[in-house]
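See the structures that follow.
In the two complexes below, subunit A is the common chain; its partner is subunit B in one and subunit C in the other.
So, the complex of A and B:
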């Protein structure tokens, strides 16, 4: 038995569910015009979002001379960055929702296999030696 | 020994296990019409059949998730098209199950298995998008080229529970 196989594999959602997004950083600039929507969002909606999601660390930082950006950090160590330049507050809200609901996994083509399973087949693999003999 | 353990028996007594009401005719002296009574009690044949299935411990189910029939077991990750009125962390109960089985027995519904007999739950893990795909349309020598970029939205569910209920 290797050490890897002795450790239990977490299946998020089976016992308890843990939100994958752990931190969101909001970068804005006071001067650039593309930040107007972001500044309004930070004034009105962000407190509501932070209160509704106590498990996410919400950080607001000034980043002068840049477009507004939202950075989401996830439990798998990856980061998702969305530039929200020239967006209205409701659009920024949608992007925040998108970041919150994602896991940090890289975007993949998910349509190919609807079910991903690690359980062995319940009925067992077919064997020619264990089926009814052919009758003519 | 092998042959006995690998024999599969289909447990379908149609009138009791299907998703239909059990009807009983009550004779009326004066009227000429028949009265039907719905009964939700489970008879002994059903109980013994379902308990046989339950004793096997590991189950699979062919359940309709977001309209599509999928073969699922516990701990599976199921990706469906985005479910709009659902948020991350919600627990969904799957009710349209066509078939629930174990190694040697299977319960087949007509068309669905009765909901009291099983308990299948899924947790919403993620609401993401796929990788960007570019659809390029071109007609050569006609100066026609169009590019459509698209990211399909998905909901990822974790099947947290596939269980057959105990019938007393």
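So, the complex of A and C:
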């Protein structure tokens, strides 16, 4: 039975495209050695990243006595955290790019199940009514 | 400093990112945002949705009337009608034969409170919305969300003009997908179809059994087509011939009322283009 209220579904990119990453939090520590790359990244590259991505809220916070961490928060309510301890600035840049491009959805194993699609099949689903009867 | 970046450095030692925005529970206030005018979350939201409006104006648009005197009530009134205009003219042109009751359902699916609230949640509006749950007198969160979204549309119209508002509505609201396949509700489809064929001067509808299997079993399948002379109007399946005929008549009716224009001009195109070719309104529904 059809529902009482007709629902509309967003098709991101058909009209406007809304980036799914809404916020990135960079945590660093002044003392621990694993933060060296992160501190360099914050000095050199982060302003460029924030300028290029005005739709992401960039937050930089000190978190003493911890490894450096980047936390991405997404529009589906989930968050992804990547520890960037002992990474060089260019590696941190790659991780930032990874977080930016993610949708926030849980990682699914695409190798097990066949394709899931909301659009109909191109050749149609097989039906016994539309085949010729078996002839020996 | 704050012109193009949403960076905010803080020396907060406790690792609690939400403490900057929400007052502690001891104050007895729930869900009240104390974001300042230069809120990074708000400017990020504006950029995400593609708004090029001033920050204080945007802040006003996302402030519900329960929050304070400076709120989005007036912008909401404007934005609701702006959205209503652009959505109605588009849907009327796209589905010219849709009956009024069905049309209302489709329009609500695009710009109704629940739809707008749902979309607001998908673009992160709940993180920038300013409202006071205690003072909103039982207004549900979806009402505050939809009021903010309507106000944003009104703000775009006010600050950027009709063309910009139209682009915004088409990009965000009308780009969403609504399944119109079972929006037309008819009590007696056979009689309704008979009246329809009479109106268009066609032969009266005749149902024919096209295919069947398992007639004496508990899982029979019948495929029935409803014909007007030699033309097949609709096809339906069922596990009884009556059910299949019903579905066939509904299919024929839907093919008529849910007819979709693919290439059309909108009346509001006259804002930018001089030559306007209006879409022919479809016939009204048949009265049975």
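Just so it is clear, the second predicted complex is superposed on the first by the 107 of 136 C-alpha atoms of A that agree within 3 Å, B and C clash if a C-alpha of one lies under 4 Å from a C-alpha of the other, contacts with A are read in each partner's own complex, and residues count from 1 in each chain.
In the analysis below, a contact is a pair of C-beta atoms (placed from the backbone, for glycine too) under 8 Å apart; a residue touches a chain by one contact, two chains touch by 3 or more.
As the structure is a computational prediction, the values presented were derived from the model and not from experiment.
Asker: A:101 contacts which: subunit B (first), subunit C (second), both, neither?
Answerer: first
Asker: With both complexes superposed on chain A, which partner does A:19 reach: first (subunit B), second (subunit C), both or neither?
Answerer: Touch partners of A:19: subunit B and subunit C.
Asker: Scan A:67 for contacts with subunit B and subunit C and give back first, second, both or neither.
Answerer: Neither: A:67 stays clear of subunit B and subunit C.
Asker: Figure out whether A:93 sits in contact with subunit B (first) or subunit C (second), or with both, or with neither.
Answerer: neither
Asker: In the overlay, answer first, second, both or neither for which of subunit B and subunit C A:124 touches.
Answerer: In the superposed model, A:124 contacts subunit B only, not subunit C.
Asker: Identify the partner contact of A:78: answer first if only subunit B is touched, second if only subunit C is, both if each is, neither if none is.
Answerer: neither
Asker: Considering only the touch criterion stated at the top, classify A:115 as touching first (subunit B), second (subunit C), both, or neither.
Answerer: first
Asker: Just checking: does A:11 make contact with subunit B only, subunit C only, both, or neither of them? Give me first, second, both or neither.
Answerer: After superposing on A, A:11 lies in contact with both subunit B and subunit C.
Asker: State which residues of subunit A lie in both footprints, the one left by subunit B and the one left by subunit C.
Answerer: Looking at subunit A, the two contact sets intersect at 11, 14-15, 19.
Asker: Report the residues of subunit B in contact with subunit A in the complex, numbered from low to high.
Answerer: Residue list for subunit B touching subunit A: 2-3, 6, 8, 58-60, 65, 68, 70-80, 87-89, 101-103, 122-133, 151-152, 154, 156-158, 160-161.
Asker: Which residues, counting only subunit A, touch subunit C once they are in their complex?
Answerer: 2, 5-11, 14-16, 18-19, 22-23, 25, 27, 46-47, 50-51, 54-64, 75, 128-129
Asker: Tell me, which parts of subunit A touch subunit B in their complex?
Answerer: For subunit A paired with subunit B, touching residues are 11-15, 17, 19-20, 98, 100-103, 105, 107-111, 113-119, 122-124, 130.
Asker: Please output the residues of subunit C touching subunit A within their complex, sorted ascending.
Answerer: Listed in rising order, the residues are 4-13, 15, 17, 40-41, 43-45, 47-50, 105-106, 108-110, 112, 114-115, 118-119, 122-124, 127, 170-172, 174-180, 182-183, 211, 213, 221, 223.
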